[in-house]
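Below you'll find the structures, each written out as structure tokens.
In the two complexes that follow, chain A is the common piece, with chain B as its partner first and chain C second.
Showing the complex of A and B:
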């Protein structure tokens, strides 16, 4: 397929004073002067068309520099641009916020503030996001040690080669996973500190300006609430039943993937990626493998490419089926639709289990291929599913639900989002496409072998929850089309290009691998310094970025619709909180 | 499992006209039989394991066969809390509060490696290395995540535990407070367990001294 290549963008020529190319070996992109960041970013969005800010994150180049890394793309497709801001690593570390230009940076900048202590000047609501207010330190800084700290990098000397066993608790003075500042006194601590800033940020919505003397109320949903799909919490200000303001509170499942990931070797991170979006371990594996393969510069054998596509599309199908089932749960059709969905999911998991050995946590991809071939019986089963059962079942879902009066009246017009807003908030995945933007990484910047397949990018134009639902059905049908072609075309051959090895050699540099995961654009930003462990391992999780616009979607709707909107965005907490 | 034929043969002579119409058993046994056959879990999932917990409810594994299909969203109505997933420091106050809100008799199942011990995430700064540091656990189920079969087996183990309890000894029929209330942890610079406040203060003070000296 011939693609039109735009002339390479020379930012340094456009901004001679403010931008210089990043010339470190293995790195690419541009380094922007801090004071000119907003100017350059505005030009990138308005003049050059990089309207979708994919990822914002920080890297701690201890002990000298702190770097903020931005990845921006065009919704019309094509390769993206990466630019960085470097600041000296001395508190206060301050960088201008890009939220006025790309609203989708809001939560990602809060995350960088929380974990790395980079203060974004001009950010509307810079609070901690994954840990809590009052937490001591910024955990992703290289000089911050966790309570169970043992060594900088695995494999730990205590475990290998001799293997002397001890409990992590033994080495900690508190005999537990705890770390307090010296001379800390628990009796002096005010317990409500964690939420004080959150409620303060909502205080301005509490005054009602109409003539009637009505009270607005704050209500809390979660972190344990049957409809929040995990440990998600939202604090809403209500006027009657209408949402006036809503703040998501996340971090209740913050499992420190990134800190653990920096201690792990490259390969040890593979099983951890399974546990990000635990519905789609196959897709997560792929995105991470893609990033590291970019760094290593290795190729993947043909058969493995096809297996990757098959597994990723299967997991997309089961993800969307579960989403539809759970959405109906949220609407009050308690359990029956999701039982239908889970029945199909089990059949797909059987194939995962046959290929990888595990139902959910597949750990199937390796750098340079996949870990083992699919057994012939599983392939036979797969054909039965793809050619016979699943198409019938999708039609059945369609027939049972799409025209259902209650479903239509609950979903139509709810959570409406315009295409412009969706792009501004960096929303990706089915929700973006349902707002009328045909942006799919599989087409916009094909990875793997997606350029070989004939499929349509599903797109809908109303941007309400009903379209978000419909687009899932469309995508399942497109996935089945891809699977059909992939199964027919798959050649025989090896599934690994390198020999299986415990330790991989990764040259220094940076790489951003991104895929179209079922929930949106999943990216891994990996920085290597040539050692066996990544220097930085960042996950750009679609769920996390998509909920940046949650308030925008909910305001003006009823509180009962919040549950539906949240369900239809399709969040999964393992990936949202990481 | 309770043997139903055994339920009907208590060791007394039953007059022929009454046979098949009355059942004589011990109070303990009928009481436990009722409880074990309708264990209502709380609808409460923390992480990956929750998905397997839902899969157990779903058609293939069908936990309804054990009378456990009624997932209650409210702790006030539930008998067993399946801690399904990683417990983080930010979440543990909520978990403890939920446990306190459950009425007696209440049971806790730690599902998966994370809930039992911290699992693969134990080294994380925000992870509680096992929910048993805060609330008493009745059954631990290993696995990451445990397969649905493992969860069913764990729940059957819980049933066995219930079978062995006696109404004379269970704590909710003893004198004193009805239910065990566990002090809710507080989020400070790190997680503060109120039961350990004194100890934490002492160690932090000792740390400050060694730094000075």
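Showing the complex of A and C:
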């Protein structure tokens, strides 16, 4: 199953004026002149077939340069392309927006504006996204300091050898440690002010042009749990019961994961990745380990590769089961399906716990392997699950739900998305595949040892929520196939290729590690400058990118369907808000 | 027929319902509040109700389960606490939450560092239970505890006093790890002895 490698694309030959190769040691890809970005991007999409923009982010090369980094892939598979735009680091930092070419850049560009202060010219709705309007500064800039700032990088010197304890909260952020913008007065701040821009962006939808001249209304869903997925808010414009426009408002759980990540050492980030998509810490660990292992150029022993696959596929199974259970909760079928799902999930978590020490915050992967082998009893239990119980239980779910008339009528035809739109909006994961695009990173650009397994990329063609539901069952069955092979093939041997080290050496350079996480493509973009801490640590979170198309999915549907759609995209706020 | 799908689904819930009673009968008197009953309910063969009635019932924790760290001491011949920690500082450096604080002992006469912690604090409220400190400690001096019932009303900053637990406790909660480490230690001592002999 060897993938055919296409001849390397020489972008510089095609655009001699506008593009040059990125020759910094450890870097790859192309540097595009800012003024030619749209031209080059259009050619990449239309001529060269890079139709899926995976990630857009910025890197602050303090004090001179600000860089925007793009990773694009072909939905037909194969390696991707990385290109960058460099601009002087002087406000206003302006780069053309690629949203006309890849609509999926919309939220990612807003994020880069919010956290790095890069203005994307031509962006349809450039507002802050993870922090609030009125927030002082752009936190991911290297000269920005957080309220609990202690030192540039961990480990902090105050901890040893003279570690006189102090309470972190005594460095009270509301005294001299908090920065406000000059014209900001916390006394008279109201959320309406921060929301003014948001409502202004919706104003044009408020005029109705039908004959009755009915009123359109704005409805806020959330910011409490509008379904069962965490603190999320959506502002919808309604015409009767029909959604006319909808803007997600996110960031309620924002903790600037990436800033923390840049203060941490490379290893210290591992347990932090657990806290992104807290259902799938095993997958998160893997994606991050992949990125750093690429930088370090180290291999993973065979047994560890198998263990990684086993854990990731188990993770996918329990994620999809919970998703289905919770979706049914959203639909009003309270807790029977979701408790059936939890039962299976608990059994899977038992295995995680036995191997890693924790049910959810697994922290199982290390650079060069996994932390420890799976205990024999857990392996025995795993076999019982994979060979016997789970296949039975998936069929049971199928019987319980798939033909249920109420479920079918609530899901069929709702949230419909065409394959073209799904790609344009950079949707990845089960939702993309349910729209008829058989794109799965495990096949498109196999990582680990996925090229050894025999499995089908699940695909469905209607692009409605019913198919999003069905494809999860398909994927569980495929995961079971992979697990079956992995358990049988797994060799004995060590699980770490290097001696465990608490301070790893990471040569300078950049790396993008991506995997097919249960929720979509999860990517980690890591830049090292040879120091113990990453210079840049970016998470391309599938939950975050997938909701870029939420408006597109909801418009034309009833307001009650919003809950269904949001539930079926499968988001988790720990990852979305980061 | 409209409603067939619903009926099909209901047959599944009915089966679950009946399964509970079948297992109750098959495991008459043993299904609840017994270790076998708990093991059965949390095994792939489990059927029906799987809830464990915590705190009356408790699920056995796997050896690798980790909660908060504690410091191991060996018991000397006269019951004195021989703290294993040498205050080398590796755990403070690897700790992602930076919640370990160590004051190293210095010899009052020479001013030189002594391999003993004078103070050792762990801010248990900041600890993210990652287990790195235990994993990277070169002296097997800090280990992850199984005790998870630590809720309290106040702030939880553990001092040396509270963190110290005997090696026998460690051997009890993590027998396999303990045995492996003891073996490695003995092998090392033996090879040392062989070299010096």
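Throughout what follows, the second predicted complex is superposed on the first by the 553 of 578 C-alpha atoms of A that agree within 3 Å, B and C clash if a C-alpha of one lies under 4 Å from a C-alpha of the other, contacts with A are read in each partner's own complex, and residues count from 1 in each chain.
Keep in mind that, in the parts below, contacts are C-beta pairs under 8 Å (C-beta built on N, C-alpha and C of every residue); 3 or more make two chains touch, one makes a residue touch a chain.
Being a predicted model, the structure only gives us computed values, none of them experimental.
Asks: Touching A:272 in the superposition: chain B (first), chain C (second), both, neither?
Replies: both
Asks: In the superposed arrangement, does A:361 touch chain B (first), chain C (second), both or neither?
Replies: A:361 contacts both chain B and chain C.
Asks: Just to be sure I read the superposition right, which of the two partners does A:159 touch: chain B = first, chain C = second, or both, or neither?
Replies: After superposition on chain A, A:159 lies in contact with chain C alone.
Asks: Where does A:183 make contact in the superposed view: on chain B (first), on chain C (second), on both, or on neither?
Replies: In the superposition, A:183 contacts chain B only.
Asks: Looking at the overlay, does A:132 come into contact with chain B only (first), chain C only (second), both, or neither?
Replies: first
Asks: With both complexes superposed on chain A, which partner does A:346 reach: first (chain B), second (chain C), both or neither?
Replies: Both partners, chain B and chain C.
Asks: Based on the superposed arrangement, let me know which partner A:497 touches: chain B (first), chain C (second), both, or neither?
Replies: neither
Asks: Scan A:396 for contacts with chain B and chain C and give back first, second, both or neither.
Replies: second
Asks: Name the contact category of A:404: first (chain B only), second (chain C only), both, or neither.
Replies: A:404 contacts chain C only, not chain B.
Asks: What is the shared patch of chain A, the residues that chain B and chain C both contact?
Replies: Residues common to the chain A contacts of chain C and of chain B are 150, 168, 271-272, 343, 346, 361, listed in rising order.
Asks: So in the complex, which bits of chain C are touching chain A?
Replies: Per the touch definition, chain C meets chain A at residues 2-6, 8-9, 11-13, 16, 42-46, 50, 62-66, 87, 89-90, 92-96, 98, 100-104, 113, 119, 121, 123, 126, 128-132, 135-136, 144, 155, 157.
Asks: Quick one: which bits of chain B touch chain A in the complex? Just the residue numbers, please.
Replies: Chain B residues touching chain A: 43-48, 50-52, 54-55, 57-60, 73, 85-86, 88-91, 94, 98, 118, 120-129, 133, 144-145, 147, 186-192, 194, 197, 200-201, 203-208, 211.
Asks: Residue numbers of chain A touching chain C in their complex, please.
Replies: So the residues of chain A touching chain C come out as 150, 154-156, 159-165, 167-168, 264-265, 267-272, 336, 340, 343, 346-347, 350, 353-358, 361, 363, 371-372, 375, 378, 381, 384-385, 388-389, 396, 399-408, 500, 502-503.
Asks: With touch defined as at the start, can you tell me which chain A residues reach chain B in the complex?
Replies: Touching chain B from chain A are residues 130-132, 134-136, 139, 146-148, 150, 168-169, 173-174, 176-187, 189, 191, 193-194, 223-226, 230-231, 251-256, 259-260, 263, 271-272, 275, 278-279, 335, 338-339, 342-343, 345-346, 359-361, 573-574.
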